[in-house]
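This is the structure I want to talk about, given as structure tokens.
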């Protein structure tokens, strides 16, 4: 009985509580990533997974006696910045994809392999400011 | 000692407003009345807490910081409440995203 | 005294969790946004209380940043939510008309 | 080892990182000249890498002292970050430089639009810098960061063409990459929590076969397998590689995937070495057989030229997996595996570049309608075929020597009495046959009778670079001994 | 006190996990976005409890400001794209192959299919359980705190996290800045930016608030940057605050983005990495190693790098909010 009580008390220190929470977030994010189709939700799921990783890292760093590990905190800060940048880029990509295809979901399986592929080394695709602009009639310089 | 007592009383009063704000948010029937409840927590609730904490501040810099925080939250709350209300008034309730 | 601050923070955390019901239920986006606004304020208050309870003065700065940036999401929301205007939505058309259509608020 | 060389080597390593970063930063800031900066930078980085390799080989260390470690900012591990150069990273740096230079020259012709050029070059130079840094990194967390540099710039490059297929491929690629990175990072966190250090050499000294190491190994390997598109986590590869611009496909299939594989190898030879057991090896080997069969069948079915090449990457990486069980029996086999990866990268990059030229000429890459252009462009088809022959492993090419050595290692397993050895030998031999089938599919229309039409004119770069790179791939066999000897200069190798 | 702290931790963690769960279970994307912002807020409290005020500061700047704004503007962009498609504008790409319901999916994700439930749940449970078991069996490790502590004198700053970020592991931080830049390059390569969706907001309230907030934000940003050398704070937090101020300005006049000239903008976004790299190369040439500093010059050099990094991060975050590249960049 006292063994159980000790385990419980041991488990309630931040050094174990938060890593457990972080692991839960990681698993939860993974679950959401598999289950949901909308790309914005998938990006949120990846962010939640990332937060889980950071929570484990900081929780583990807060375990020992004395002040927490500054290296772990620096790593977390770097990781958060990376996550935000990747998120911002991913959201931009979602908007672009929606503009092109009309939906913001990742269809299961690879897209039709034999679908016509425009050759892009010829077109002036980006010169005219994105896919919404009318295609250019000029012949490519060669 | 007196400072501690004052802090305690002001904090408790502030908490009451927060509780009231949350209750209003949950129980009131439409956007306007919820907005009304919310601003009480923003303005008065935080105001009282800030006032209470000022008695514990370690120096003038902290007091200024506390005041600034309160002012900023006031501005944010005002803007949000005003614009949500205006939007609701001119265009009806926000639809959920379909 | 620290115990008192901590209990107050705990209480406020409880109000946030209760307020989540409004975010979940909606029904409109405005309700959700208002709830988020309240969470921001409550979060600032919790941080202030924790800065005393844990004796970590840097948390005051965190609270300051929170207070400062809480408005960004709110402004983003009210500026943009509900676009584009469906043709038949204005309910109180007089007010909608009186509102200038393009950027009346440029502070130049 | 002369004292001067020993002093120059660390500065040369840090200088390589500095140089490749400087080129990328300069191209980002001054986009108007990005292509010129890129060309000069590509030449400079290649020259630097070749000089560095000469310096490295000249230093003539024995295999245990071969790793040169450079403390960045003067802070030694565990406090600071270390760069690390040994035979393995040197070999792959040279590979990266060769493919990188070829891709840069090709891109001069391929990316000619003024606006597109400004977007392409900075991203490509960041990708190259990221690869160099990945190969030189000696710190677990730093590896995560360099992986992110590589994957973000690679994703942006995939999306560059802006077509629905490309953007959708890029989106999938990005999600997979972030997931892989997070899984890798979680593993790093577990190792850090257990041992309190991030430096790979210090970690290696402290790890044993405990639960934390096992979990970290699973997470990090799974993450990297996702990124390397190793079977069965490969589904994203074909859409992304197949729809990217040709030079990007070449770099992705040739270098980026190889980079992730390098990391897996590096980790299992170092930090996770105590965890490698025969059962694990056999499991990985079975995955490899699956990859070989599945990838080859897809390549035989695909209707687009670039899709065939992309699926062939999945298949060819099956070899690398099959090699894992061989490594457990024959400790020297890993060098053969790396040599195979090098030859594959060279051949695959030239196939993609050649495919890009054909696609440019025809305006599409549907194999069924490609006959005219194939007949009209013998030089490109020859490059395609030459690189394809290397992929198949016909005699006298680099691919032949690599596969021969692999087979030899496989037979060694059989002789060592492993039942699975027979399967590995069959897979290695059969994979070559399947590769022959899909390579022939690509070039066969050019031998049929019909109209010949060179199609859209292309710049000389696009004509000659694939051929040059294919020749390098075919002749790589000549450098086989040198490569294997360089690879031997890797401390801690099994 | 301790019991109360444990209770606080438990409630907080329950809240965090619960909010994350409801966020990922939302069919309405706006709800998911609001829940995600709330998630960030609770996360900041968790960082406070883990004695990481630096991270809490960053989370406050990102979670409360940047991410919320980014998510909301993304949802609005998706919505306006959908609306344009419905109204049958010219230049719309061919219709979506997935059928008439695809339109709905822009801001609404139908509940997931039943068939993925069991496999996904099993997989997530296995991963989670394995992780938790592993973590519970880890002995407490000292980490690198003693090592960092022993070298603080030589670092040039007084705050350990800043010392690690800008001196001991400066290479990581350099690459972090590079990643922010690459994300922007990626976003810019997708095309020029179009109009930011915005509707008129009449009345004096919004401009008045902005007039108050933007100067305060700038002062706070500079303060946080300065504080970084001896207390929680630093370049990224400051950059995020200034970036949020920039986002506010963009939101105030979304139709009138300043016609950003290409060259200065390019120089601005690369300033952080460029200055950092120059200092690093100087260190290499001067014999302190790549990214190394002379001890006497460590503090001024770190400040120089941080100022440039703050500027670049702020500009980059605003540019990421605007998304596409400005027309001036193609000139």
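Read from first to last, the chains carry the letters A, B, C, D and E; within each, the first residue is number 1.
Here is the rule we go by: contacts are C-beta pairs under 8 Å (C-beta built on N, C-alpha and C of every residue); 3 or more make two chains touch, one makes a residue touch a chain.
Note that this is a predicted model, so its numbers are computed, not measured.
> Treating chain B as absent, figure out whether the rest stays one piece or breaks into groups, and list them.
Remove chain B in thought and everything remains one piece.
> Farthest from chain D in C-alpha centre terms, which chain would that be?
B
> Determine the chain that sits nearest the middle of the structure, using the mean of its CA atoms as its centre.
Of the chains present, the most centrally placed is A.
> Which pairing of chains accounts for the highest number of C-beta contacts?
Top-ranked chain pair by contacting C-beta pairs: A-E.
> Indicate the whole-number Å distance between the mean C-alpha point of chain A and the mean C-alpha point of chain E.
Here the centre of chain E sits 12 Å away from the centre of chain A.
> Between chain C and chain E, what is the gap in Å from one C-alpha centre to the other?
19
> I'd like the Å distance between the centres of chain A and chain D, where a centre is the mean of that chain's Cα atoms.
24
> So what's the Cα centroid distance for chain B and chain D, whole Å?
57
> Counting only residues that touch at least two other chains, what does the list for chain E look like?
Answer for chain E, listing residues that touch two or more other chains: 28-31, 51, 66, 75, 79, 93, 108, 131, 135, 138, 141-144, 148, 168-169, 172, 176, 179, 182-183, 186, 189-191, 201-203, 206, 209, 213, 216, 330.
> Which residues does chain B have that touch at least 2 chains other than itself?
68, 72, 75-76, 79, 83, 96-97, in rising order.
> What residues in chain C touch two or more of the other chains?
Those would be 26, 29, 33, 35, 40, 61, 64, 68, 70-71, 75, 77-79, 81-82, 85, 99.
> What's the complete list of touching chain pairs for this entry?
The list of touching pairs comes to A-D, A-E, B-C, B-E, C-E, D-E.
> Please name which positions on chain E make contact with chain B in the complex.
Per the touch definition, chain E meets chain B at residues 28-31, 75, 79, 104, 107-108, 201-203, 205-206, 209, 212-213, 216.
> Provide the residue numbers of chain C that touch chain E in the complex, in ascending order.
2-3, 6-7, 9-10, 13-14, 16-17, 20, 23-24, 26, 29, 32-33, 35-36, 39-40, 43, 46-47, 50, 54, 56, 58-59, 61-62, 64-66, 68-73, 75-85, 98-107
> Please give the residue numbers of chain D that touch chain A in the complex, ascending.
Going by the criterion above, the answer is residues 110-116, 119, 141, 144-145, 148, 152, 155-156, 159, 161-172, 174-175, 178-179, 182, 185-186, 189-190, 192-193, 198, 235-236, 238-239, 242-243, 245-246, 302-304, 306-307, 356, 359-360, 362-366, 456-459.
> Any idea which chain E residues touch chain C in the complex?
Its residues touching chain C are 1, 4-5, 7-8, 11-12, 14-15, 18-19, 22, 28, 30-31, 34-35, 37-38, 41-42, 44-45, 48, 51, 53, 56-57, 60-61, 64-66, 68-69, 72-73, 76, 79-80, 83, 196-204, 206-207, 209-211, 213, 216-217, 220, 223-224, 227, 231-233, 237, 241, 244, 247-248, 251-256.
> Can you list the chain C residues touching chain B in their complex?
The touching residues are 1, 4-5, 8, 11-12, 15, 18-19, 21-22, 26-31, 33-35, 37-38, 40-42, 44-45, 48-49, 52, 57, 60-61, 63-64, 67-68, 70-71, 74-75, 77-79, 81-82, 85, 89-92, 95-96, 99.
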